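Letters are used for the chains, namely A, B, C and D, taken in the order the chains are written, and counting of residues starts over at 1 for each.
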């Protein structure tokens, strides 16, 4: 369903370890939402100097107040800094739900949900939806340190299994999620992997899944300026079913991509064989037009 | 005493008719303050798009919390709009006290205090100081309508007399303060006039005072960008004791000026005989340098 | 009674002076999720090129104070796909299409104009002169818009190839010592109108990586930050060429910004970067514009075009000074 | 250990690369109420003219998004009063004075340089080329900085009149098609360094009065809004003339902005409009700069000058990439 733009009232602002969880009243977004979709928020108020919207994966929607949307963020710059100062009853300009949601299996399957940092946030709504489909959810969550592992408790409570990794060893295994990936996939007999993490991790997850021939659905949270598909700022090289690589927009064609379709090694570049790359020529010149 | 720049915590925000009265904890400003001085506030927060400081006459200072400063404003644009959204415990960047205060008579005198709109705000601290000197204060306050007459009650309670005028007649006499000026001056046997009002009113006040040979001290609240004397944006033509007209800064050489020194009719222009005006020549060429 | 927002784009009438700016609304499809694009004056499309283009690597955008730096490299599907897919879609929605074209040589522009002439429903052509002149020699990065002669050549080529009844607007860049000279050259070469301003060349350096933020190193600055430059360019060109219709653009975010550019001399105003921030900006701005006109007792938006050039007394006299 | 902030202004050493920009700090007196101006790299004074000037009527300033439009008309006391009152005061406070000069003709600039050569304690001269060239003929409003030849003439005149040991910096304007050409002409004419950027020409229209906001109609745009333009100009000139010391200016508000301009190639950075917003900006920015350097493990600020021009690998290698 098409996204909407609403003025949503902030309901609650909670600290959750290193994160802030913010709930906004936005019935039209809540009812349209499907896991993996995101919202794009205008920051800075009426006279803002910050023109880019800030994108956040939706953590959860609830039916109270007609429909609320919760998202989770860390303060990493001026936009999130401003958001963190917002209080209950402030009003935010929110666009959503945006982008392609996580596709879910038709039949029961063993699903591994891999999240790094705030990237874990969108996985819980997904887990709930997977459960509706009779799927099992195993969690593999990582972060630099214990306070930046989002949702460890919930993962343990609601997942069939939950493995945590931290770079400093302050919670779970010391290391990164990629270190534990093969072990978890084997133990859980994973049928499909869902991931939300930095590109480097998604690349590793996709590579491993390739070796095991497991499908991966990867939520790419790369910088975006509009979230609605008009700025062309969020492109990455993705191979289509026709075998042609195109520079597609993460906000519209993603943020969830099939891991085996994204050319992870070429993210941040224009591959020479991408459609319209410098020197690129159509592979099948149109008959009769060749001169 | 030199102004200071402080981060002051908002203590209270009150609606007063059409105005907002805001109290900020700022001991260093409160202790330095003398009536007629103003503060300049940065608006819009850390990433603000609004670079000009907003100037406000100080309404009152109090000793609580080490020293608080109160100012009164109407929402007239984006800067005051942002300020109006501030709440108790927010922190403001405030510079003050700025500018030349109202000089007060050495000996008891009959003082008329003329204020229009929010321009009445700085007159009450002045009245208190005048009382310390054994002076009588009569008030003449005006505004477009009753809700925009600031301090009518206080004026009636603390002044020897208080005349109110409103353009729509909703409080006091219908008309403007200038209509009542001559009457009030005669009745109160005014020795000195203090005014804070738009330039057109200050001009009229100064003209009338000139006819009666009464000194006027006028607080000029014309647009300012820095308040500290560096932007040169607030100049007006003022005649010096040497008879030479100079373009002087309202924020540093004012905001309080002797009414008979300001060339009211030429505010907004560079009079041809102002020092350094195009074509201007020094009246006394330096001996020996004439070529 | 709401004000009459109709305005003329050369001989074509538009229902509103509020347009979308080239490259900031694709071909209208995404915005149509948020607003009725038939009610926008016109959609100026993303500059279309002969061939498909993959554009520049990311990062393509960087936020700056009240602005945006961009270097997208004109990613797009090429003229064929545009004519097959985008233009018919726009027309099916009842929207008006001003098609922006971009090329490396005057010939490419001419070919694009020819292709557009064969298509039905093109309201106007906007010639994006903010492209490097491949044959320009000399300084690398020299744009057609940097030189009156090159700009004139491109416009003449387009005028000579396109249909006579499709108005041609030449889009100027602000980073020239004398924008009036370029404007004159374009009009002499046959432009029906002028569009300004394109982005200002700028750069940002990422202080974390200590390297240029944009993959393309240089980018174009847009957004409210540059509005004063846009107002100045429109004013200067209006002063020099009072009879040439102008599309103003640069930092428009609110109804009052439209007023400002129109008072300076624009007949129409395009909204660009603000759309990233507010996808329904055009509808909101149009509403705000109506309110501003109402508050001033102005019946027809066309009456304010260039009004700020008139002596103060006259302008105040006509519409009453607000305070 | 705090980073070493010393930097060189040609052959003169400054304790910090953070300066005040011309016209935005008077002659230092007002700021001295808020900060110790002896700790600022140098005070670049308001451009001083031969005669006293009353400047333009008000409104002289207009706030724009993240920017400021100004047209003060160089109000000032003239060189006599400056030498009698302002310069000695600055020196008495232990501050370094870079004296900005402005004139209508090359002769006036030369005369100003002569007068300054007779005075003690001038650290450097900054030649404000953003002034209308009275003898330039042609387009009204044409500035010395618009034309390589006129700019070079003024610089040569100053160089020929001033003392050989006082460095001369030429201040360039960004509103030219090719800033590198002007930069080259100034260096060829004898400038020891270049200063950039002056304000961008802009305008605002008051939608209430429907007339230009500034009494002077046109004004100069400054503030964070123009920082990307300043970074681009510094980058371009550094690329073309890597050995010429540059003073960067334009929208500096925080320590990271100083980093950005220095990484682009500036040896020193001047703070202008930000001072209106924060009179203690120079002290704060200097503190922030120290913290940023510390966080990157950089010992000497001079090491980062132009670093963004080096290949990514090298830059990252030297100082570790932060994320």
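Operating definition for what follows: a contact is a pair of C-beta atoms (placed from the backbone, for glycine too) under 8 Å apart; a residue touches a chain by one contact, two chains touch by 3 or more.
Fair warning: this is a prediction, and the values are worked out from it, not measured in the lab.
Chemist: What is the graph distance from chain A to chain C, where chains are linked when they touch?
Modeler: Counted as steps through touching chains, the separation is 1.
Chemist: Which chains does chain A share as contact partners with chain B?
Modeler: Shared contacts of chain A and chain B: C, D.
Chemist: Centre-to-centre on C-alpha atoms, which chain is most distant from chain B?
Modeler: Using the mean of the C-alpha atoms as each chain's centre, the farthest one from chain B is A.
Chemist: So the centre of each chain is just the mean of its C-alpha atoms; given that, what is the distance between chain B and chain C in Å?
Modeler: Chain centres of chain B and chain C, defined by C-alpha means, are spaced 45 Å apart.
Chemist: Between chain B and chain D, what is the separation of their C-alpha centroids in Å?
Modeler: 35
Chemist: From the mean C-alpha coordinate of chain C to that of chain D, what's the distance rounded to whole Å?
Modeler: Distance between chain centres: 33 Å.
Chemist: Can you tell me which residues of chain A touch two or more of the remaining chains?
Modeler: Residues 47-50 of chain A each touch two or more of the other chains.
Chemist: Indicate the residues of chain D shared as contacts by at least two other chains.
Modeler: Residues 65-67, 223-224 of chain D touch two or more partner chains.
Chemist: Sort the chain contact graph into one of these: line, ring, star, complete or other.
Modeler: Topology of the interface graph: complete, with all chain pairs in contact.
Chemist: Could you please specify the touching residues of chain D with respect to chain A in the complex?
Modeler: Residues 65-66, 224 of chain D touch chain A in their complex.
Chemist: Which stretch or stretches of chain C touch chain D in the complex?
Modeler: Touch residues, chain C against chain D: 64-67, 69, 139, 146-147, 175-178, 200-205, 207-212, 218-219, 221, 223-229, 231-232, 235, 251, 253, 256, 259-260, 263-264, 292, 304, 307-308, 312, 315-316, 319, 321-323.
Chemist: What does chain A use to touch chain C in their complex?
Modeler: 2-5, 42, 48-53, 93, 95, 222-223, 225-226, 228-236, 246-247, 252, 268-270, 274-278, 280
Chemist: So in the complex, the part of chain B that touches chain C is made up of which residues?
Modeler: 47, 49
Chemist: Going by the contact rule set out above, which residues of chain B touch chain A in the complex?
Modeler: 44-50, 78, 81-82, 85
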